[in-house]
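Please go over the structures that come below.
Each of the two complexes below includes subunit A, the first together with subunit B, the second together with subunit C.
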Partner chain A sequence: MVNKVEMKDVSKIYKRGKSEFRALNGISLSIKEGEFLSVMGPSGSGKSTLLHLIGALDKPTSGNILIDSIALSSLSDDDLSQIRREKVGFIFQQFNLLPTLTARENVLLPLKIANRVSSEAYRYADEIIETVGLKEFNNHLPEEMSGGQMQRVGIARALVIRPSIILADEPTGNLDSKTGEEILNLLKGCQEQYKQTIVMVTHDAKAAAYGDRIIRLKDGQIEEEMEVTNALPISNI
Partner chain B sequence: MLSLFRTFNLRYLIKHKLRTTTIIFGVALGVIMVVSTMLVNQSILRSYRSLVDKAAGKTDLQVMSNTDSGLPASMANEVASVKGVKAAIPVVHRDGFVFIEDKQSGVLLVYGIDPNKDKVARDYEFIAGRQVKTGEDDAVVITKTWARENNLKIGDRIGFAGVEGIKRFKIVGLLANKGPGQINAGLFAVIDINAARVLFNRIGKVDQVDVVLEDEEKPKVVQSRIDTRLDGRAEVEIPATRGLEVQKTLEGMAFFLNLAAMLAVFVGAFIIFNNLEMSVEERRFGISVLRALGLGRKKIFSLVVLEAILLGFVGSAFGIIMGSLLAKAMSQALAGFVVTELRMRATDLGLTPQILLIGVLLGPVVSAAASVGPASRMLKVSPIEALKPFETAWRPKSSAWKLTISTLVFLIGVGLLTVGLFIPKFLDIISKDTRQLANYLMLAILISFLGSVLLMPHLLSTLLSILIRCGRLCSFTLRMVFDNMRRVPGRTAATITGMMIAIAMMIAVTCHAGRLVKKLSMLREKSFAPDW
Partner chain C sequence: MSVKHGLLGLLAQKPQNGYELKNSFDKIAGGFWDVNYGQIYSTIDRLVKDGLVISSVEGKESVERRVYQITEKGVKEFKDWLDKPSAKIRPLRDEVFVKLAFMYPFDKDAILQLLAEQRQLYLAKMAELTRQKYLLSRNGISRDNLMTDLLLDAALFHAEADIKWIEHCEAKLREFEGEPPVSDG
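Let's look at the complex of A and B:
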């Protein structure tokens, strides 16, 4: 299978005054098309930084990252914005819906940003809204929806541009366990239905088990990597 | 882009009605002042011209009394005998309280003329009726404008308050709205000179002798001859130059009105800036989400500026309507002043294409300029903020180069102003044209204000830091307030500077208005002195 994302010896160093903080330390990683990768690790292990770099939100200090064989390291801020709007879908822990827009308008937002306002794109958006089970909530504002419903909108918004990769940052972190399970099932379903590549950062071992593969980070390095099989008990994760 | 603007910006503006209204008000404030000022300036200057220029007609020189008692009637013959004088036309003119059906109906500028001689100086054009005849002591000619306003027609009677009570006159002619019919914006009447002498207690007197010269005679030369002949018993002036002092005074008023309008635009810009700052800061998280979803920096900048321009257009439209209404109100208030002090009225309040264009463009341009700061700040919003919303709290940074530039601009402004105000010789070097000098002062004021605006955040930050350090002197609540103000010094400074400018404007305009009223009254008394 084709690699959607490749990281080659990637390091990220943050400077705070005179001191330096090495958030990622020479990570190399490949993510295959249609793969669901879970990233785990304690706070400060570099999970978020990894997500920022794959999502073209930030640039590595050294090493290279390729999305669909495009090297991100040398791109300008405008080019990185283009990568984000065309190749990356984000699912946020806080949902990050715009409060003045309805559910459907929030879903259509990435299309408007990418200037893809064709009727075909709108039809696809409606199909996704139906897939995530929000057809009846089309005209609801975020304040009129539950956490689970808002995260469904977030998922639909990430899918609507047919991204190369979806990055989910603790997508169940703000939800109760039952709703969290529904959202994870939905993500898994989307992976299967749309052959979608997904990278999910989570603290929750049970959530991580929805992935096909799990990597565990520690001190900016991959400490452990494992394939998820049906036989793998959660306690092992 | 427009689709995004509709969903992201317009929706926010509609939801936050109070903030949107405040920004529109800020824009409208400036536009209202500019439009109304331009309309009133235009109106006053045109009214003035209608009073002086139309009254002068073809007169080359005017002989006027240098006291309130008037000139002896014989002076007209004396002037007529001077070499180069074609005709010397005696005029009695007074402001007459007019009565229609025993009700006092305002004041008209009444010219008592010798109908035979006066046609040399002025071309009277009638839409109905005729000129008064020599010796006709109860006939009056009024203007079509004033007749229409008061539903009067030929044959109707009006009264004038005179020394022997109200004397009634029959309307025998209506002047067309041109030439003498435009004198004093139509608040004008003509009666026979002898009737005027009786009415206004000017027996054996005239108020003015209008002089028409022989062809090819130079006014200055004949002026000198008449001066010699009269030997200081009267003043001889060229009408065009006689009006210069009044015109200069009116231009002084126009300058102050323009200054007030400019400062209103300045204050309006602060209101816009302040509210846009708050408005975009509120949407900072939303903007970081848009950035994370792939919206480029340039588009973020464009969205904020576009929003300001849209509000600017709405403010402009509102400002033009309100400005026109305010101009009417101001002109009526001025008419009150003018009728009692100057006996002329403000006219021509119509929006010219030039005023309309300035009004339409002013709002968007000022709003766009005021939005550059907030929009630039939003350029710095990182898309990462969308993933960690609680970790980012914007704190502005003060820099040495900003402080240096601000201080420099302020000092340049104050320097120019000081030189302009306290070293008059310097002004002579720049120019002798009063308009250019006014523009110089206006520019100096603008630069000083701009400097104080730029400098204020730095001064405020320092002041607040000192206040916060005085921990023992301040309560916890007060320290919190100071800290909050320090967090956004630009916004706090904008509010303070806006207030400062508004107060400065009020003081300056009030002082100037008082001085202006005095001066105009003096000039008016000199030209058309009432005898009550």
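Let's look at the complex of A and C:
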């Protein structure tokens, strides 16, 4: 199995004046292709920092991160933003949709930014819009949609570039439990259908339970790690 | 928690033998409420004694089977129970509570270790239940499996509450001897 992400002894230190805050403290972690990894931990344990570093939104203070075997430390800022545009799909707790764009326009935006506006790319976008159950909402603005529908747009927008990895930050944090379940079922379905690698940060055990593997951070280190074993592999059902 | 009323409800659907009752029980509550044959038979014996169920032997001698059938009194008992809300909240008789109560002298590390292991067990169970729920949702929730889905939900919510409580304990215990709390960031 190919590793989509490799982290080798990664630390991140934030300096505030003279004091230092060690957000990540020597983390090593491999994320396999097609894996759904849940990252748990209390506030301040380093969950968000981990996600930002994998998503090339920030650089580690020390250590190496590889996405698709590309070492991020060797890249310039321009190359890093290209990695973000082409390899990483983000899903946010607050959805982060552009309010003046329709559902479909929001989904297409990453393609436009990455300058991948072929008819094949648009056809794929429409397939994804259908997969996430948004076909009827193509022309709706975010303000005309429910939270669950907005997060469906968020998932479609993350998938549209065929990312190497999807990074989801508390994707159900703003949703009621029933809608949250629908969104997580959808995310799990996308993992299955598109062999999509997913890393999800959450403090919510019910959400984390969707992962194939669950790690728990504490004080910037991996405190616990659990493979979800005694479950049947989904493809066999 | 009532095996008694579960069995009455199943027998109200149709007469069954012990083996069938066990299977029916597992079908509606399986995966998070383990009932063994011993419990089934001892409960059934009591139901028979109370006149809520009668038993009869069917089939030829070599393949005879004891079949249980609900009585009118049993149906009434079941319906009365079904219509009333449940006044009891979940009792705090979880083994973990008892273990904590006996962790003496106060050994913080041992308690934290126990809680961490317990939390992982609950999480593993949640992952298993979630997998079952996901498979149900993939097949489409119908009238047949809606109740199973809702029972799985109940088990998940309870396990989630247990995990939240354990995390709460962990945070309080860590702070207890002056270890500074982790700052938010």
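Convention: the second predicted complex is superposed on the first by the 228 of 237 C-alpha atoms of A that agree within 3 Å, B and C clash if a C-alpha of one lies under 4 Å from a C-alpha of the other, contacts with A are read in each partner's own complex, and residues count from 1 in each chain.
The rule we apply is simple: a residue touches a chain if its C-beta (ideal position, glycine included) is under 8 Å from a C-beta of that chain, and two chains touch if they have at least 3 such contacts.
Predicted, not measured: the structure shown is a model, and the values here were computed from it.
Enquirer: Quick check on the superposition: with subunit A as the shared anchor, is it clash or fit for subunit B versus subunit C?
Expert: Verdict on subunit A: subunit B and subunit C fit.
Enquirer: Classify the contacts of A:Asp77 with the two partner chains as first (subunit B alone), second (subunit C alone), both, or neither.
Expert: So A:Asp77 only meets subunit B here.
Enquirer: Scan A:Met226 for contacts with subunit B and subunit C and give back first, second, both or neither.
Expert: second
Enquirer: Touch check for A:Gly189: first (subunit B), second (subunit C), both, or neither?
Expert: A:Gly189 contacts subunit C only, not subunit B.
Enquirer: Name the contact category of A:Val132: first (subunit B only), second (subunit C only), both, or neither.
Expert: neither
Enquirer: Which partner does A:Ile166 contact after superposing on A: first (subunit B), second (subunit C), both, neither?
Expert: neither
Enquirer: Between subunit B and subunit C, what opening angle does the Cα centre of subunit A see in the overlaid model, nearest 10 degrees?
Expert: 140
Enquirer: A:Leu51 in the overlay: touching subunit B, subunit C, both, or neither? Say first, second, both or neither.
Expert: First partner only, subunit B.
Enquirer: Using the superposition on chain A described above, determine whether A:Ala209 touches subunit B (first), subunit C (second), both, or neither.
Expert: In the superposed model, A:Ala209 contacts subunit C only, not subunit B.
Enquirer: Would you sort A:Ser43 into first (subunit B), second (subunit C), both or neither based on which partner it touches?
Expert: Only subunit C is touched by A:Ser43; subunit B is not.
Enquirer: In the overlay, answer first, second, both or neither for which of subunit B and subunit C A:Ala103 touches.
Expert: Once the two structures are laid over each other on A, A:Ala103 reaches no partner at all.
Enquirer: Please provide the least distance in Å between a C-alpha atom of subunit B and a C-alpha atom of subunit C in the combined superposition.
Expert: 10
Enquirer: Over in the complex, which subunit B residues touch subunit A? Could you list them?
Expert: Against subunit A, the touching part of subunit B is residues 1, 3-4, 7-8, 11-12, 15, 285-286, 289-298, 382-384, 386-389.
Enquirer: In their complex, what parts of subunit C are in touch with subunit A?
Expert: So the residues of subunit C touching subunit A come out as 116, 120, 122-124, 126-131, 133-135, 137-138, 156-157, 159-160, 163-164, 167, 171, 182-185.
Enquirer: With touch defined as at the start, can you tell me which subunit A residues reach subunit B in the complex?
Expert: 48, 51-52, 55, 57-58, 77-78, 81-86, 88, 90, 92-94, 96, 98-101, 105, 108-110, 112-115, 117, 157, 169
Enquirer: Which stretch or stretches of subunit A touch subunit C in the complex?
Expert: Per the touch definition, subunit A meets subunit C at residues 14, 21, 23, 42-45, 181, 185, 188-189, 204-206, 208-211, 214, 218-219, 224, 226, 228, 230-232, 234, 237.
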